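A short write-up of the structure that comes next.
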Amino acid sequence: MAVRVQEEDFDVGLEFARFTEGRVDLGGVALFVGLVRGDGQTVSAMTLEHYPGMTERQLEAIEAEARARWKLDDALIVHRVGRMKPGDRIVLVMTGSAHRKDSLEACQFLIDWLKTKAPFWKFEEGQGGGKWVDAKESDDEAAKRWGG
Amino acid sequence: MAVRVQEEDFDVGLEFARFTEGRVDLGGVALFVGLVRGDGQTVSAMTLEHYPGMTERQLEAIEAEARARWKLDDALIVHRVGRMKPGDRIVLVMTGSAHRKDSLEACQFLIDWLKTKAPFWKFEEGQGGGKWVDAKESDDEAAKRWGG
Amino acid sequence: MKILYFASLKAKTGIGSEDVTPPASVGTVADLIDWLKGQGPGHADAFADLRLLRAAVNQEHAGFDAAIKEGDEIAFFPPVTGG
Amino acid sequence: MKILYFASLKAKTGIGSEDVTPPASVGTVADLIDWLKGQGPGHADAFADLRLLRAAVNQEHAGFDAAIKEGDEIAFFPPVTGG
């Protein structure tokens, strides 16, 4: 179980290899990778700001909640902060369980929760300058599924 | 969109890199990796047999079904056949979409469907010899969620 | 007509595939099963418990009432057990 | 009392953090907001629309009725927008 907030990029293959190395108890590993989306015109870059200290506390609380709800053998959250360009990786959630259902549901829960509860704020740069992005209601709806 | 049935192992990092290379339209990529589970005692190895020809047809049909139900920008299914040991990778499902909900739900749908509909049969070797594994009802239940 | 056997069905019949020419009265998968049962003890064993038998006609899952004809590829196997 | 501002709140106040000593009558987050509003035009702007304001007390999400005391770390920010 691990939580990391970092400016550097992460390597999906390397993280997966470390996560599963030498293990024979995992029947399924679910991963979600969030990427910066953009058509190159409306959004040229974005910057993620966070609340250092609170972010780590929140991520650890979220992970503990997932472990309480599902049978997880391991979980990893890596979240980047700082300036990123379209196509860049932002966040990695990885969950491993004996059974695929637990790993998949916990992965979905973690990313929904991350998007709606963790103290990250997105600043988007485009042709007309930059602006702080407003929260979307659809994200709140996704988290409500889990009673959050 | 691609479907592969192969004896060789696959590299999760390489598949992810190829899947996302040069793209800025993907907001989320969901992956599921199925692994051979075993405690080293009851199951020492397993062999997956399949129905060549029908397998590929089924996988392509399943993938088309996922594309019809969710907004997917890309999908990949890699399924191994042959003899595998505990800890080995068996199957990779990867789905990419502008929005995380589509990628996650489609990934879960594909792996549920794969486990219950695709013509794969598992032969397990253990201390007491080998046997063909019987189908589990819980897998059928998982597929029924999707009306399958 | 080409018959394929997979997994435990292959183990019981002892063969992976065979070319057969059933009588003209065999018009469905169920008819074919009845006829194959009489082809030897391995076949009789393979088709003893139909609850655990599944079939495909020309690489599509098919019920036992599915029509079959000369040239078809018919496969028999247990319920799939995934990866 | 340490006050932190994030995202658009930081842009509006023009500062990321400040140490303040509000009067003893300030006992809740709501009291603190009322008091901070009077600290300058940037602060007035930042706290003009409370529907888009969220707060944390000592790194935990908190309602505006949450009690605060000397030594606490109070953060103000818009609703989170994830990664």
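Chains here go by letter, A, B, C and D, matching the order in which they are written, and residues are numbered from 1 within each.
Everything below uses one rule, namely that contacts are C-beta pairs under 8 Å (C-beta built on N, C-alpha and C of every residue); 3 or more make two chains touch, one makes a residue touch a chain.
All of these numbers come straight from a predicted model, not from anything done at the bench.
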| item | value |
| --- | --- |
| Any chain in contact with subunit A as well as subunit C | B |
| Subunit B-subunit C separation of Cα centroids, rounded to whole Å | 27 |
| Rounded Å distance, subunit C centre to subunit D centre (Cα mean) | 73 |
| Whole-Å gap between the CA centroids of subunit B and subunit D | 49 |
| For subunit A, residues that touch 2 or more chains besides their own | 34, 115 |
| Per-residue multi-chain contacts in subunit C, two or more chains | none |
| Chain pairs in mutual contact under the definition given at the outset | A-B, A-D, B-C |
| Sites on subunit A touched by subunit D in the complex | 34, 48-49, 51, 53-54, 57, 79-80, 90-91, 114-123, 132-136, 139 |
| Subunit B-facing residues of subunit A, complex | 11-14, 16-17, 20, 22-40, 86-87, 98, 100-101, 103-104, 107-108, 111, 115, 142 |
| Residues of subunit C that touch subunit B when the two form their complex | 4, 6-8, 10-11, 52, 56, 59-61, 75, 77-83 |
